[in-house]
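Look for chain A in each of the two complexes below; its partner is chain B in the first and chain C in the second.
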Partner chain A sequence: MTIDVIKPGLATSIQDTGRQGHYHLGIPPSGGMDQRSLRAANLLLGNPEGAAVLECALMGPELRFSESCCVAACGAEMTPRVNGEAQPLNEVFRVPAGATLSFDFVKAGARLYLAIEGGIDVPEKLGSRSTYALGSLGGLDGRPLQAGDQLTLLPSATASREGRRLPESLIPVFSRHYLLRVVPGIYDHRLTDESRERFYEEDWTVASEADRIGYRMKGGSPLSFIEREPPFGAGDDPSNIVDACYPIGSIQVPSGSEPIILHRDAVSGGGYAMIGTVISADMDWVGQIQPHQKVRFVPVSLEEALAARAEYREVMEALRQMP
Partner chain B sequence: MSADKTATARYSLAADEFMFVELSEEMTLEAFFRSISITQRLKAMSVPGIIEICPANASYQVRYDPDQLSAASLQEVLESLDREVSAQQVRTIETRVIEVPVLYNDPWTHETLMRFRDRHQDPSGTDLDYAARINGYDSVEEFIEAHSGSPWFVSMVGFVAGLPFMYQMVPRERQIQVPKYLRPRTDTPKQTVGYGGCFSCIYSVRGAGGYQMFGVTPMPIYDPSDQQPHIDDSMIFFRPGDIVKHRAIGRDEYDRLLADAEAGRFEPRVVPFTFDLDDFNRDPDGYASRVKEVLHDH
Partner chain C sequence: MSQQDIQAPFPGVFYRRPSPDKPPFVEEGQQVEAGTIIGLIEVMKQFFELRADAAGIITAFQVEDETVVEAGQGITVLEVV
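Let's look at the complex of A and B:
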């Protein structure tokens, strides 16, 4: 069984649940940016929850299957087509031998997760099959898919689940205007009071530089940092700090102009002040925001972040228990 | 550089999975020593619920699972470790001294820096000319002697996979300082020896970068395809706390070492070493000579 990549799509890469424990050496977790959709697609098929899938950003790939095989597509709304015929999202369907699977342009959300029976078979690197392109690590030769690539699958352990569908209540509804919850902190004391408040009162627009490393935001008022004598080793810009680790989800604002939210392929550290961190329960949503859509940041406490985390865990548990 | 007995730490929650700890706003050897000492001890404790421990230059970060370990309990553990370290019970770390051969003023970084001259403070010269001048050296040769003459602490590994940030082990008034490019480059050759602020670095992969470029090392430092015997399963050569000594080499030796590296038989000079902060503070220059001797007696 092989899958030929006819067209790679815009930025299609092999991802799973990622690798932990290597960030101190500069290797970020990687893995699907929307873990909930990645796991839902695998669970629908009866794959291991963390099997390797294709993460397809904004424009999907075109794939030819050598043998008949079941797949499930969750996440962004990009209608799948088998030999041109529309197929359902969030439901297991079969791709017959020799057929071509393609996708329509994205209607909502930004990333679709295509799980294939058994899961994609590439070597594990540091405990994960996820692609970390900046470090040429994992996935297929450490890079996104290219035309001419050939994918192989691991053997499937379960019977075919054709027609199995995600319960309506577990299908995420995508928006054009997101509220992202943020725990303020880290270096936000470096901002003026006015800037610290205004950051949470304005709409920000996602810039075209929005990828697995980070999401850049535009359109809000520039933020002012409090004037000071630069500490030794920090650099002269008021937004500089002595190079430090960057938490996943942290928001930095180089020179006070365009905030960047770091995601799962984050650079692990650097010299820009971070002013808060998106809560873990909202990180999947970040990966589903398209360039030019709007975001408002909402300050929350740790207790609220933990409550949202508990709700997220309940959704994941419901996915695992689905009929 | 006397021990800072009034050392403070600032604990900040980075949402629900990370705790960020700033030990000093400015870069100091003391702050780095605290960061490495606290994080080494924390790692050895194997606290359930701690996922990742990342030491940095003058700060560190812990990723934890709040379902297993509360932020408050984690902070208590970290505060207690800091008290132990700051009370001067800890004055040494076990580490290694590593020699890094460098071809300064090489043709590849030269070609690259010429391509991005419009993003540089001084478009008329090279990065080395500029760094030598603003640091008060009469010639590039003298500047290279300073860069390759002193030992450096690897104070952080990261940005991208395996990139070491290195802090010069000389009194502050003699530390090299160079601003980053005015606008970052979109290209930097792999294994470029770079410089920004008070930190030297080695780019582990080809890509964007804002540090000044001084040369290139033939020594592989990141090994995602597992071809280098001197790099273990982590794929990454450097560790925070390593002590580095650069050695200036010529083109012939560079070519020979690069051929070794490409054949998977590069053998770096690495010697186990106990670093003693008080000994260093008493006589930094004498300590630098000792580091050199350690490498060559071995």
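Let's look at the complex of A and C:
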């Protein structure tokens, strides 16, 4: 069983639940940016929850299947087509031997997750099959898919789940204007009170540079920092700090002009002040925002963030228990 | 003669020129071959070449140079000869 990549799409890469435990050495977690959709697609098929899938950003690939095989597509709304015939999202369907699977243009969301029976078979690197393109690690030769690539699958352990559908209540509804919850800190004391308040009151537009490394925002007022004597080791720019670790989800604002939310392929540290961190429960949404859509940041307490994480875990548990 | 919509395959910024100091890839009313580059769409630091699917004449552009386009938005119409 092989899958031929006829057209790779825009930025299609092999992802799973990521590689944890190496960020302190500069290796980010990688993995699907919308973990909920990635896991949902695997669970629908009866794959291991963390099986390797294709993450298809903004434009889907065109794939030819050598043998008949079940797949599930979750996340961004791009209608899948088998030999041109429309197939459902969020439901297991079969691709017959020799058929071509393609996708319509994206109607909502940014990333579709295509899980294939058994999961994609590439070697694990540091415990994960996820592609970290910036570090040429994991996936297929450490890079996104290219035309002419051939994918192979691991053996499937379960019976066919053809026709199995995600319950309506577990299908995310994508927006064009997101509210992202943020725990302020740890360097927001560097902002003036006025600037800090304004940051949370304005709409920000996602820039076209938004990718797996980070989501850059434009359109809000430049931030103003409190004047200071730069500490030893920090640059002269007021947005600089002495180098520190960057959490995934942290928001840095180089030169105070364009905030960047770091995502799963982020660099692990550097010298920009982080004025807040998007809560873990909202990071899947970040991965589904299209360039040029809008975002408003909402400050929350650590307690609220932890409560949101508990709710998120309940959704994941409901996915695991689905009929 | 039939008409084909040339649409943006994904959201991004549409460019009619290969670089700011170069002339446009095609002018309105120009005859093109299948595969001729009509423009570029840029997103996530990548440039995608938008091409004509068939030979024909490019009618008026529906979007300006360097504007934000949505997935599926019409860029121009190709009158297939």
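Rule of thumb we're sticking to: the second predicted complex is superposed on the first by the 323 of 323 C-alpha atoms of A that agree within 3 Å, B and C clash if a C-alpha of one lies under 4 Å from a C-alpha of the other, contacts with A are read in each partner's own complex, and residues count from 1 in each chain.
What we mean here is this: a contact is a pair of C-beta atoms (placed from the backbone, for glycine too) under 8 Å apart; a residue touches a chain by one contact, two chains touch by 3 or more.
The shown structure was predicted, so the numbers you read here are calculated from the model rather than taken from an experiment.
Using the contact criterion defined above for the overlaid structures, shared-chain residue A:P254 touches neither chain B nor chain C, since it reaches no partner. Judged by the touch definition given at the top, the superposed model places A:P88 against neither chain B nor chain C.
Within the superposed three-chain model, A:G135 lies in touch with chain B and out of touch with chain C [touch as defined at top]. Annotation for chain A, partner touching more residues between chain B and chain C: B.
Judged by the touch definition given at the top, the superposed model places A:D211 against chain C, while chain B stays out of reach.
On the side of chain A, the complex with chain C involves touching residues 10-11, 57-59, 105-107, 208-211, 290-292. Those residues of chain C that touch chain A in the shared complex are 7-13, 42-46, 48, 68, 71-72. Per the touch definition, chain B reaches chain A in the complex via residues 12-18, 20, 22, 24-28, 51-61, 63, 66-67, 71, 156-163, 165, 172, 179-180, 196-199, 204-205, 207, 222, 224, 234-236, 238-240. Listing the residues of chain A that touch chain B in their complex gives 20-27, 125-126, 132, 134-137, 142, 182-183, 185-186, 231-236, 241-245, 247-250, 267-271, 274, 276-281, 302, 305-306, 309, 313.
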